[in-house]
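Below is one structure, written out as structure tokens, with a few remarks after it.
Going by the order they are written in, the chains are A, B, C and D; count residues from 1 in each one.
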Amino acid sequence: MSDVAVKSPATGPNVAGAMKGFAQEIGALSAFRLESCIHCGICADACHYYIATEDPQYTPIWKVEPFKQAYKRETSALAPLYRLFGFKREVTADQLAQWQHLLFDSCNMCGRCSLICPMGIDVAALIEQSRHAMFEAGLAPEELYEKAAHQKLTGQPESSLEPYRDQLLAIGARFGVEIPLDKSQAEVMLCVPRTDIEQYPSAVAALARVMSNLGISCTFRSDGLVAENYGYFAGAKEWQRDISLRLIDQAIACSAKTLLLPECGHAYTALRWEAADLYGKALPFRVLSVTEFLADELKAGRLNLAKAVQSKVTFHDPCQLVRKGGVNDAPRELLKAMSVELEEMENHGGFSFCCGGGGGVIDIKQAAPLRYRTMEVKMREIDDTGAPTLLTSCSDCRRTFDDAQVHFNWDKKPNSLLELVASNLLEAGTGP
Amino acid sequence: MSRLSDIAVRIEGPVRLGGLGRGVAAVLSELVGILERVALGGETATIDLRSLPMSPDDRIELQSTLGKGEVHATLHADGVSTLQETGVSGVWWVEHRDRHGDLVAELIEVTVIPKILEASTEDMAMSACELRTRLATTHKAQAGMDHATLS
Amino acid sequence: MQRSAEDLVVGEMLRRHGISRRGFIKFCTAAASAMALPPWMGPAMAQQLQNAQRPSVIYLSFQECTGCFESFTRSFAPTMESLIFNVISLDYDDTLMAAAGDAAESALAKAMRDSFGKYVLIIDGSVPTGAGGGYCTAGGKSAVDTLREAAKGAAAIICVGTCSSFGGIPFADPNPTDAWPVSSIVSDKPIINVSGCPPIPEVITGTLLQYVTTGKVPDLDEHLRPKAFFGTTIHDRCYRRPFYDQGKFAKTFDDEGARNGWCLYELGCKGPTTYNACATTKWNGGTSFPIESGHGCIGCSEPGFWDKGSLYSPLSATDWGKAGESSPRQVLELAAGGILAGGVLGVASAGSGRLRQYRSEHPLDPEPKDS
Amino acid sequence: MDLLHFARGPGLKIAIAVFCLGVTWRIVSFALLRIRREYSRPRESMFRYLLSGMITVGSRSWPHREFIGRTGAGEALGYSYHLGLFAVVLLFTPHILFLESLFGFSWPGLPSSLITIISVLTLTLFLAVLFRRVTNRVMRLLSNFDDYFSWFITMLVMVTGLAATAHVGGPYERLLALHILSVDVLLMWFPFGKLMHAFYIFPSRAINGALLARKGATS
């Protein structure tokens, strides 16, 4: 797919494109998921958008309704009958345009609905595929579309005054840590969320500090710095592949055995789980999130942590990392190693509520009012724990909480688990 | 073995309600209603036992519950019929048998006296007629005899 | 048979035969009981009959086995003799009458002529129409012609037995004589069907008695059967019904359940779909009925009973059976056929889906090169 | 040929054939679509994640603790009428005899009076289900002809069945004929609507559960 082939959001929905995208995507698994729905509506009760608003249109499976309709009309066994008798109408441009709000503004692709469905349908997987089709229709939200296009072309979602490479070195100088950059060979290749570069430089420094403490050979690569993948958010499947390829190529170039992802949830989904499929073969290195990497090092005895100052914290589980990614125990093991008392929220681990910013929603301006309503659900759970400190391990979640802190004038500020680890490091071999 | 009762069959009785078969209890409560009505001068009534789905056990149970009363009438008309007043006053157990002695009707009548026992006025009129004729012929014969004696 | 007392009313006839009024009331009470009429109807009927004239009855037998007539003769209440001697004038019946040949035929002609428009016509047996009616003839006339002629002067027709009512066994597949029930041939006369193979004796005499006493066709069901006898199913009135409700079923004819008198549903009892008075009137003067003797009802009073599958397969079971074909095997064949056809459709559907996918991914290729 | 004869003779044969055809058609139509290979490294061994898939088949039968508060009652309602239906379909002696005549084997049944109680309860639950579908805003939004027709035809089977056993509303054989006829219609409708979930539910849970477990994700 070339850039020219994709319609810009400005020119209105392209139904044929959407359907083509969907037809391409539909395989036996998704078809089975679409076939299985019994319209019980139970998925609504897992979704924080529905819980916050009680508005039935936010029922997760309703968000893929046009594509269910298209599947039944075009691909399913009964498609000829549906077409012959007109039981299922053709999806219209208006309908698709209306669904933009449901597929982007009001869905974080957090996957909580996939856990409640009594038919076992992975609703989140369907939504991701529907986003692909929406992108083909030219219906990706402008913010996501532009960032994705920019990142595909330049490697950065947005242009910056100084290149990220330079900013990275400046952060190293400011925090007094060495930033390993563009080594030709390294065990571990590092990357960084541009959110951290711009908003949370301390997190970048923490990553560098932890790596140097562990003494593992590692490097950032100028041509594959950014961990985020706006292609994933926008539903631009091929752009997502191209963006992932930058990191994959660089990891191969420096013969890395591990591609270490920073605290960034969707980067984990994009690279840990989806990159190889888009690449078309298995990746020649492993992909780990820094959280699970540190937990592994801890278990291996290579990482030694001191008792932390914080007494009580609560931990926000990033959906992509924990619920959808399986990194559930790692953050808790790290906290335990630092003797931090963890007050769990009512819904935690795999059942945690999304912060409301995932799936690119934090970047969609028109989604903000609705996002604040869902944030109230999350804030209530956090406040109910009574813990004064909120920790998380995803910079997008952190950004969302910070945004809420300003909006609600909330008394909690999110902190990074990685930073907490970095500030409680013992020198190798000293032991607690 | 000529009759059903000669064949050894064990019949498990139907569900019992407080010691009484369901059918028996129904008949008894119907009887109570009819009795109260007839006692106040209301219309008499008859229950055809054949129309009720009752097991032989039920029938025996009903009969023993009602008991035997003071009056027992036997009717010899085209076979023998028995009319037995039960222990319940005004409730009659009526069995009609044909000439072969087979039961052709079995009824419970609730009445002062079963209608069939009453002589019909038409028959009485006819009997009176016959009696008069017989009397007349005997008179004649008597008269003739007297005459003969006198003469 | 002579019409020796054609001018006498019934009451006078009775007196001549030495039957008292009480005896007659008793006779009518028994008849009412047998007919499951309200008990007060017996004395009322007696009252009415006293002053009625005896109607003429003509009994014709067609394609039949005489079982129905045998049953007729075994009626306890009223007995056939008492009917014939007291209530009706049976003017033609080829089984009973002493006359034969021309004498019999002329008796029939005379009866039809003398009571034209008034006589009750009883038909026993189905009416074969194949071979120009040649499968059943008497005196050179086919049954179908005799029926048409006799029906002209009939006040009403009573069909005794399942053959004349519904065609019965001669009518069963493959119906070699092209036999039909009376109602398929005569349509302009009131018809009362007294079905059963044979019908219950008391139901035959009772229906006849009821018709001649009231002169009216009784309440009939959709198969033209008197509701008084055919109003409820065997199952409804069965003394084994409590076991059905409790779910206690005999599984074979000699198991513990059978000895305990449990429900015979599983052994193919057709009681639930059979309308007849067997469970109440019973047979042999109220002695018993098939279910009481341990055998399920075979549904003989229902139309087409012979063609409704095995007498021993349960009612709720399918009735696909022709000899030697088991249902499971047929199910397997049907399923295999369905699966095969569904598989072809499915492969076609999935194939077209994949083709579309291929086309959209390779827009420049005119034809797919691999699958 | 009377109605009963048709319903359980040719009618049933057609229904069984259509049922098998439709079910196969629908399943094959999507099962033969492309299945993309997964190239990412699984977190768990294949044995472990396939096992997790199997476990999901059972565990998804009841909501996770976190969801019970919001969905427990609704799911309980759903499952309980299903249980009632299974009890009535599989444990009523006439039904067992019917199935035996089709498949050649049988099993013991429950007393008919107990079945009657269960079916009346199930019927009540079924009405509640419709009430819920109509009054619950989410369900009303999602519902289409399929949902209501599938409800209707199942209800019809239940009502005619109950009427036949209770002898209400007509002669037994006509009610029985209508009952079997409605089963025929249900069998023929089955592959064309949501009733197919009977075939989908366990494989769907297993496959999605296994795919989630492959990533170590919550399932």
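In the analysis below, a contact is a pair of C-beta atoms (placed from the backbone, for glycine too) under 8 Å apart; a residue touches a chain by one contact, two chains touch by 3 or more.
A quick note: this is a predicted structure, and the numbers were derived from the prediction, not measured.
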Set of chains adjacent to chain A and to chain B: C
A-D or A-C, whichever has more C-beta pairs in contact: A-D
Chain whose averaged C-alpha position falls nearest the assembly-wide average: D
Furthest chain, CA centroid comparison against chain A: B
Chain B and chain C: spacing of chain centres that average the CA atoms, whole Å: 34
Inter-centroid spacing, chain C versus chain A (mean Cα positions, whole Å): 79
Chain C-chain D separation of Cα centroids, rounded to whole Å: 42
Touching two or more other chains - residues of chain A: 26, 75-77
Shared interface positions of chain D, touching two or more other chains: 25-26, 28-34
Contacting chain pairs - touch in the sense defined above: A-C, A-D, B-C, C-D
Touch list for chain B against partner chain C, complex: 3-4, 9-12, 14-15, 46-48, 50-51, 53-55, 75, 77-79, 81, 96, 98, 102-107, 115-116, 120, 122-123
Chain B partner contacts - residues on chain C that touch it in the complex: 19-27, 29-30, 32-34, 36, 38-40, 42-43, 76-77, 79, 237-239, 241-243, 259-262, 279-281, 285-288, 292
Chain C contact footprint on chain D (complex, rising order): 2, 4-5, 8-9, 12-13, 16-34, 93-95, 97-98, 100-104, 109-115, 167, 171-173, 176
Residue numbers on chain A that touch chain D, as the complex places them: 26-29, 31-33, 35-36, 38-42, 44-46, 50-51, 54, 56-57, 59, 61-62, 75-78, 81, 87, 111, 114-122, 272-277, 279-283, 286-287, 322-328, 346-347, 349-351
Complex contacts: residues of chain D adjacent to chain A: 25-26, 28-41, 43, 56-57, 60-61, 63-64, 66-67, 70-71, 74-75, 78, 136-147, 192, 194, 196-197, 200-201, 203-209, 211-212, 215-219
